[in-house]
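In the two complexes that follow, chain A is the common piece, with chain B as its partner first and chain C second.
Then we have the complex of A and B:
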């Protein structure tokens, strides 16, 4: 399912979040069950299915990683999430070191260090993200697999950074709760 | 989704968490990642180069309970085994032992990849040492030996 088509948007990575937001609201309003109470059951079911589809498409496009994956899939790089890809050893080393540093800061309850690490990873993420904006913009409509794999690798990189930042949020939540 | 008792046991009391010196020529290091979830796993083995028996194994995994349990189990299993025996380890054995549900099978795959890549790293180091010992490059003779000091 092409989430861009579902929402009637032009496929692109650098999506205007305001446009996405308003298109989503428009469609949700039009598909709301209250507006279709008089319709036959079969049509109500179709409307409901469409509303679910719109929700899913919105969740996909709102998320940088999922939106990038959807774009790669549109370009024919339908890499299943469970598929094994060979990760860049340097990236793994970098992520391992960052995760170890975060783990140690957590044990020491050093929230200043946690925040510093988060800022570092956030900057790395922003760098990869802007690289992806440029790379997707420069991607020809009929891109070959060889042109897609470096983009897929950058999306993987984003995932490792995202996972790190999720861990930071968990640590911060825990610290607030205690 | 509920974790099996064995996963919880390994997760709460993981065995062999730690680090071995990755510069040690008898230590093999495997560093693997799961791009789908952003988890990373490092598994290290210390091998007796005479007998090829794994004398120690350590891991560090940043990931879900199943990933931690899988790596904990693998380090426990390979200790005392030869590297050839360890190489024969299959992720399905981990799945069976830990009762992993289908959505967590990739964690066992990760652990299998990690041990295999640790063994490959050890073998590569040993080959490099042999090549050096047979005196390929005379200019390296002045370099200090890199015997682990223990």
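Then we have the complex of A and C:
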């Protein structure tokens, strides 16, 4: 299912968030189950399925990584669906070092270091993201597989950074709770 | 001279909204003319204490009268039953300070042993409270229609299901479960007519919720929610009660007689309330069978006791803000809900946490019930505005237990609902014909640390080598936040039956049995009810169909109207008869006749929703084009 088509948006990475939000709300005004409470069963099912699809598309497009994967999938890149990850040794090394540093900071309960690492990764993520904005904008409609794989690699990078930042959040939550 | 049309005030059944609270419950409705309002008892008090006393004579007392019996019959009087909803027999809540006698339960559900050799579960206790509220509403309105019941946003699937079951057991037609913070925002937002991003901080008697939502011209979109369904004013009472019990000379909670526990908890609550206005309280506690005990509590001492509890709310608040992707600076307001937000320390903490004074111009006790009534009115199609819509999220991640006890998340927390997701599993042994699936809810990595929702056994997989079978399991979460699971074997395409064993819930058979027990002449009553419900349904669908035909005649194909009209006519005839099965069949017939027409109507409404695009897009494209020109500057001259 093409999430851009579901929400009636032109496929692009650099999506206008405001437009996404308003499109989403307009569609749910027409489809949400609360708007069809008096309707016969099959009509309720029909609109419910559509409402679920709109929610799913919205969730995909709101998220940088999922939106990039959806775009790659539209271009016919099978890797986009996450079936096979590109294992870039350089990226793996980088991430392993970062994770090790994070693990040590966690054991030391050094929240300042945790925050510093998070800031570093967040900057890396921002860099990759703006690179993707440019790369997707420059991508021709009929891009060949060779043109897609560097983008897919950057998306994996984004994923690793996101996972790292999620871990940071988990550490911060734990530190606060204790 | 024309005759004025007079509405019969006790005519059509009115939809109602119920706030089924830990400490107090309320029922509200939207009158034909005027604002949503809470129904009051004969003392003009809208609060019904959520207290149920099971008397030795076999009767049941609810509300204020039950509250008065609590000290005398501490083990037979269930207070704060909401804390036990959807909970297992060995749940941590059963070990906290309280006067109850937990029955050795056969099933997984926690049960209380009460007077008259009765054993009751939390769903039955809650149903008693709901019945009382229904009675109050009927006294005021005549017949009540559908009901919206509120639940803490952070309630998990089992707790939601238990609440819905309680409604069913009380003989209510539950239109929706509505999250309490969302209900509060609805009540608030519709009065204030403000747009922006708001936080609802809801600290009740037993539960804490925080919700970040966006109000945009009648659409209330929840961005993130968080909380703790076992944190509230009750825990403050317990902290203070423990101090009183020590003063009475009890060293260990476990050995305190139930009567003393009840007295200490009640005294603690009274002192807590008094400390909202006063800075010091001199309490005189009537110790059962002893002389009374004088206790002096300063606000400072109380705050020191409850500060750790209040600070626990901060973790959930910060996480909700992070999940919503916003900072406190971007907030337009903080709305306080729940009786426990009257505690001065809570107000101080909230304003420091969010860097602004919270909005308190609405009664934190009534606002949730008012919101529920507005939503019930909207769902019954009687609301004033078509533009109002609540968009909510899944509060806790749903997942399945994978190899090694690790949770594999299927739907993450804060996913907009309704939602669905499918996951494909395979067999790990040759000729394996069954597959066990453990569904859990929560944020922890290990399944054993999450809430166990259900264990499913998929049976009847055709024998094949390991790894060949492809089992697709589908998770559907409805707008109430309640999960349904279905499974299919993909290589054969056969839908497999799913064996549901709720880990902490009541099965449909349990509910049916309790329903039967609740009625004296069960069978006839149930048939009468079924007939009434089908008639209401028939009326609704005929009205909806007539409306659709009138509004969208242009979308009808030649001959289609005649088929639909005929189906409507035979439904009307059936509704006049006394067989609910026949009415049901005719409803399905009409549904079928309308299906293609309904499909065209849906497609058209989607197209309309998307049509805003063209204008915006054209505008933006023009703007972009201009942007490029200005970047290029004037063309070089050669």
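As a working rule, the second predicted complex is superposed on the first by the 166 of 178 C-alpha atoms of A that agree within 3 Å, B and C clash if a C-alpha of one lies under 4 Å from a C-alpha of the other, contacts with A are read in each partner's own complex, and residues count from 1 in each chain.
Assume contacts are C-beta pairs under 8 Å (C-beta built on N, C-alpha and C of every residue); 3 or more make two chains touch, one makes a residue touch a chain.
Owing to the predicted nature of the structure, the values given are computational and were not obtained by experimental measurement.
Shared-chain residue A:108: touches no atom of chain B or chain C. Of the two partner chains placed by superposition, only chain C is touched by A:27; chain B is not. Within the superposed three-chain arrangement, the count of touched residues of chain A is higher for C, of the candidates chain B and chain C. Judged by the touch definition given at the top, the superposed model places A:59 against chain C, while chain B stays out of reach.
If you check the complex, the residues on chain B that touch chain A are 31-33, 35-40, 42, 60, 62, 106, 109, 113. Listing the residues of chain A that touch chain B in their complex gives 81-82, 84-85, 87, 89, 91-93, 95-96, 99-100, 103, 156, 159-164, 167. Considering their complex, residues 175-176, 214, 216, 219, 221, 312, 314-315, 318-319, 322, 378-381, 387, 389-391, 415-420, 476, 478-479, 540-541, 543-545, 587-588, 590-592, 594-595, 598-599, 602, 605-606, 608-610, 612-613, 616-617, 620 of chain C touch chain A.
The part of chain A that touches chain C in the complex is made up of residues 7-10, 16, 19, 21-23, 25-35, 37-43, 46-48, 50-52, 55-56, 58-59, 169, 173, 176-177.
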